[in-house]
Amino acid sequence: MGMVGGGNDAFIGSIHRKAFNMDGLIELSCGALSINPEIAKESGKDLFLPEERIYLTYDEMIKKESELPAEKRIDFVTIVTPNFAHFAPAIMALDHGFNVVIEKPMTFTLEEAKELKKKVDETGLQLCLTHTYSGYPMVKQARQMVQSGALGKPRKIVVEYFQGWLSKLSEREGYISGLKITRLSADLNIMVKGRALDDDGSVLLKFENEVSGVLMASQVAAGEENNLKIRIYGEKGSIEWMQHEPNTLIVKWLDEPTQILRAGSNYTKALSTFATNNCRTPGGHPEGYLEAFANIYRNFALTLLSKLEGKEPTKEMLDFPGVDDGIRGMAFIENVVASGNSNEKWTEYVV
Amino acid sequence: MGMVGGGNDAFIGSIHRKAFNMDGLIELSCGALSINPEIAKESGKDLFLPEERIYLTYDEMIKKESELPAEKRIDFVTIVTPNFAHFAPAIMALDHGFNVVIEKPMTFTLEEAKELKKKVDETGLQLCLTHTYSGYPMVKQARQMVQSGALGKPRKIVVEYFQGWLSKLSEREGYISGLKITRLSADLNIMVKGRALDDDGSVLLKFENEVSGVLMASQVAAGEENNLKIRIYGEKGSIEWMQHEPNTLIVKWLDEPTQILRAGSNYTKALSTFATNNCRTPGGHPEGYLEAFANIYRNFALTLLSKLEGKEPTKEMLDFPGVDDGIRGMAFIENVVASGNSNEKWTEYVV
Amino acid sequence: MGMVGGGNDAFIGSIHRKAFNMDGLIELSCGALSINPEIAKESGKDLFLPEERIYLTYDEMIKKESELPAEKRIDFVTIVTPNFAHFAPAIMALDHGFNVVIEKPMTFTLEEAKELKKKVDETGLQLCLTHTYSGYPMVKQARQMVQSGALGKPRKIVVEYFQGWLSKLSEREGYISGLKITRLSADLNIMVKGRALDDDGSVLLKFENEVSGVLMASQVAAGEENNLKIRIYGEKGSIEWMQHEPNTLIVKWLDEPTQILRAGSNYTKALSTFATNNCRTPGGHPEGYLEAFANIYRNFALTLLSKLEGKEPTKEMLDFPGVDDGIRGMAFIENVVASGNSNEKWTEYVV
Amino acid sequence: MGMVGGGNDAFIGSIHRKAFNMDGLIELSCGALSINPEIAKESGKDLFLPEERIYLTYDEMIKKESELPAEKRIDFVTIVTPNFAHFAPAIMALDHGFNVVIEKPMTFTLEEAKELKKKVDETGLQLCLTHTYSGYPMVKQARQMVQSGALGKPRKIVVEYFQGWLSKLSEREGYISGLKITRLSADLNIMVKGRALDDDGSVLLKFENEVSGVLMASQVAAGEENNLKIRIYGEKGSIEWMQHEPNTLIVKWLDEPTQILRAGSNYTKALSTFATNNCRTPGGHPEGYLEAFANIYRNFALTLLSKLEGKEPTKEMLDFPGVDDGIRGMAFIENVVASGNSNEKWTEYVV
């Protein structure tokens, strides 16, 4: 694979490398690692790339790599440039037959996101979006429990993300419940004087099937530590998950004792294969953020390998965020901003 | 003291008795314990009341008791009748010179609440409202920390009460922060078909000084257990308290490790006297709901005793909810309902 | 009832009063509250005792009270004097037909404890020992689960009591498991120079049925807060309880998710009646140390009432610690000290 | 680097690979991955090793690799064979100038361990032992706090490892405190009939400076999940760490509120560089077992790189377990077994 962005001057590039290195399925073969040629070269050397595959622009990289013989050519491109510079290299990579991984948010605007989807559909290639949150085994377990109906009809969804930006919540809200938002009411605030972006926001939500929800995000929550917490209440039971302690899923029941489900455990009534496939160690060995990130790459790589072998990828392999999630994320942000600027109590959710 | 309501057929009466019995400062001397004369009589006997002080109506009780010689006469009346029947006996008791304790909510309407305040002001007597929440030592500690500025200027308030009614939140929102609401936006829902009352509600709030807030209450949170949780975020630090584990106050700091403050502890930098005065046991001996309830009665009794002795009650004695808290609670409910029925995004808060 | 000891100069007396006042079943009618006559008199007045029933010695109190007519006479005596002064008033009270409540430890020596048992057996009266720990609803639940075999054959018992004296553990070890100790190996230390008593101790235990155990107590555990924690591991599952959060019982299963049982909950598979009878409030209203203490008095009072009415007390009523628990506690201490002084690895447990 | 053992049939090999892959500092270049030639070959291919560097025996691998030119030759050998087969390849690798990483336990006997130390001392090469526990940032923080005296003189050490073997505790006891054991008393049991190894053990310990300790390990703790927990109590404060939630270090103080230290945090009074150097992500992004494992490899690799560049490695680089830790671990096991078989209460600790 090859990287666009992610040189020595970019923190996120090294996170991606730790994640895709973890399982030995993916090898960094080339890169256009910075728009600064010095940094691009230095970073390439530091990563032990062969000189001829250290490129200075993504344009050059995609062209040259597409001309290599199949067995040498990369299978996909990871784009970790700033947000506004995701779209162009993604389109170009797809046009040249490369699958694509994109750091979140997928694009700069919803419009770009929709165009990107068209391109993905046309080419039949895979696009993977690194919404880390969906890579945690117990988030996958939560999703299976909610969507299989084990908790009964959902009634209420509460998401909080203290010491996080509201825009980051774009990746969270749909994955577990699978429900579509119909209306929303947003209160956005700039609390710290001088900040350009809203640093505090609360959103009341209505989902399909008369499910209601509350989302809260804040950068002014002193002492909180990137504290993402998700609760979904159903008719029979509810789930609670926190990024803080990601290997635990709390399941509360209407008439039964609360249960503590732990990643890596062997229960008589087993955890979902979506969860168990994404653990690397037995119960009691905590896994974390990098493992969740690595799960996204691993499932993406398994999907590509499966397709290379002419096989249909399994549902478990395909369990990574894709272009539709990217569109949903962009739409979410635009709808929240629109509602924040509106005097209407409820604004209709538009995609 | 004497009780109006709270006979054998009423759960809440026995809670009050456990609470006021705890410290040996208050003695039940008479009662009009039920509108059902049979139950009134039976309940009086079960509580070892002398026959002549088992009354069948509050009217009778207040009149007869007020005619007793001072040393035999009760000092106050506790009213634990249904909500709509709080107002009349409270007014009558005050008119006859008795101090009053009222089970929450204080009255049936905001108007009644305001009239009651007038009467309290006129008579100079004490009215105590059993907002239990304010009786917990660590809630008192939280209040002192917030209002003394130890956490810096408040920025955000989040209150959740899952498996509780929104109306119950009326007692919670103002105590710790002391801030006034200026505007609000309420989303009220009936989730369980057939219910007459909203069983799920979320409210966005604006307080004075540009503090924002979110309140959530729900009766449809399967598996939650009367889970009241309060968080206040300030510029320098924040506090978190849960009724579940009431002896713990979590204090998070911007640049310091999170601290776990525990009721009954002796720290170098001591807990507030408002907290320490309301603990009965040394650290490590958990206190609970009944002790918090008893603290309200204890402080009320100490206030009455102090006044009887002609002394000014201390601030710590006066730390129990009064008629202003009752008005605030009633106003809160009316404002929430008005906003819930409105299509305006924000409705002004009216008291 | 009447109290021996527990005047204004004694903390523990006020704890007993809060506990027995709570449920309105017990009334303080007389007392020999201090060996200091001044304090005895003052304390009696402060507690609103009639002057003629404020005694200066227990001797006087027991004699005079036993001469009163049955309907005026007290039913039991509570003894809260220093440890060495439990035995004499207890024997005398029983001899005069009074039931007895004794603050722990029951006596000063094992020998006294055995004599007391003889007296109890002879008189057929009730003796109640205020081992508070056994009054917590979830400790009772734990006991039922262990002794009913729900967790399978017990294998291992771990008790820790940090910031507590080893001697206090005497009340803990037998209640839940019901198992008898057969051998032990104790390591006792004085860690803080100048202390007269061992302030740190660890004991390896062998119980009947090849169950093994570890007990740890320490007064040198800086920052711990009277932290009592009990774990019992069985073949199929295990329980964990902490005084810190007494309304929670953690049940871990071999092949199932861990369960969180909460006092006051209504589960399909209900909590034991031994637990539910000892809750005063619905789930979510935390109860604590004083309620556990009050449960002991309540069950004792219900037992006396039942006997007064000529009825056999139920098992649930009789669920308070008695003279056998007192003997076990005294024997435990003596065995631990003997083992601590021995060079033998294992010493046989002697009662 | 090259691996001895760790083929497709061995779980632990893949854990090592995930760990050393994580930071991009280490590349697998050759291997003698199994004593079964078929598996050795297949595994080598699966790991994309060049055919000529897939060896069938460690003997062959070490010889051939030592004959390669310096720039192609591996820098170290990782040995993940069964315990009894650690010693021979380790000695041979050292003899041929290769540094060595060994999966725990270091050797099969204490004697082997001592011989290995001689060889390490002779050759001046690095030996690294993968005691994972010491790789957690908050364990490093704990160590710094204890050894710097921040908690005052240590008094008591409690280690529990439920659902783990006592022998695994060999790696735990010395790292944080740095104290030497002087005497011990072990109780070892086989609880599950038919097991060959003791599946339950408790050990009373005496350390230098009159510190006392308790170690407990058990394979019969139903429902526990590899639950390693360490507490060290000092005169002024104490620390508590659990593998379960490895990013948290609880610090309890004699006269101050308990503090929750979190990995990745920026406190005014900063965490130790030993801790901060071993975090890959900012606070709030949980790291786990594989990251702790990777820290050992990373520090080992940084040490080798530093030496290659002719520089003295920093203390922080050298913070990985070495041959002395291996000796201590083996000695611990032998002493525990000896005490378990002895009738003496205390046996002297022999190294």
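Going by the order they are written in, the chains are A, B, C and D; count residues from 1 in each one.
The rule we apply is simple: contacts are C-beta pairs under 8 Å (C-beta built on N, C-alpha and C of every residue); 3 or more make two chains touch, one makes a residue touch a chain.
Model, not experiment: these values are computed from the prediction.
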Path length in the contact graph (chain A to chain D, fewest steps): 1
Any chain in contact with chain A as well as chain B: C, D
Chain separated most widely from chain A, comparing mean CA positions: C
Where chain B and chain D are represented by their mean Cα positions, the distance between them in whole Å: 55
Whole-Å gap separating chain B and chain C, where each centre is the average of the chain's CA atoms: 34
Distance between chain centroids, defined by C-alpha means - chain C, chain D (Å): 45
Junction residues of chain B, two or more chains touched: 251, 258, 262, 265
Chain A-touching residues of chain B, taken from the complex the two chains share: 151-152, 155-156, 158, 160, 162, 185, 187, 189, 191, 200, 202, 204, 210, 212, 214, 216, 218, 220-224, 233-238, 251-254, 258, 342-345
Touch list for chain C against partner chain A, complex: 251, 255-262, 265-269
Interface residues, chain D side, partner chain A - complex: 15, 17-18, 21-24, 27, 47-48, 163, 225-227, 243-247, 262, 264-265, 280-291
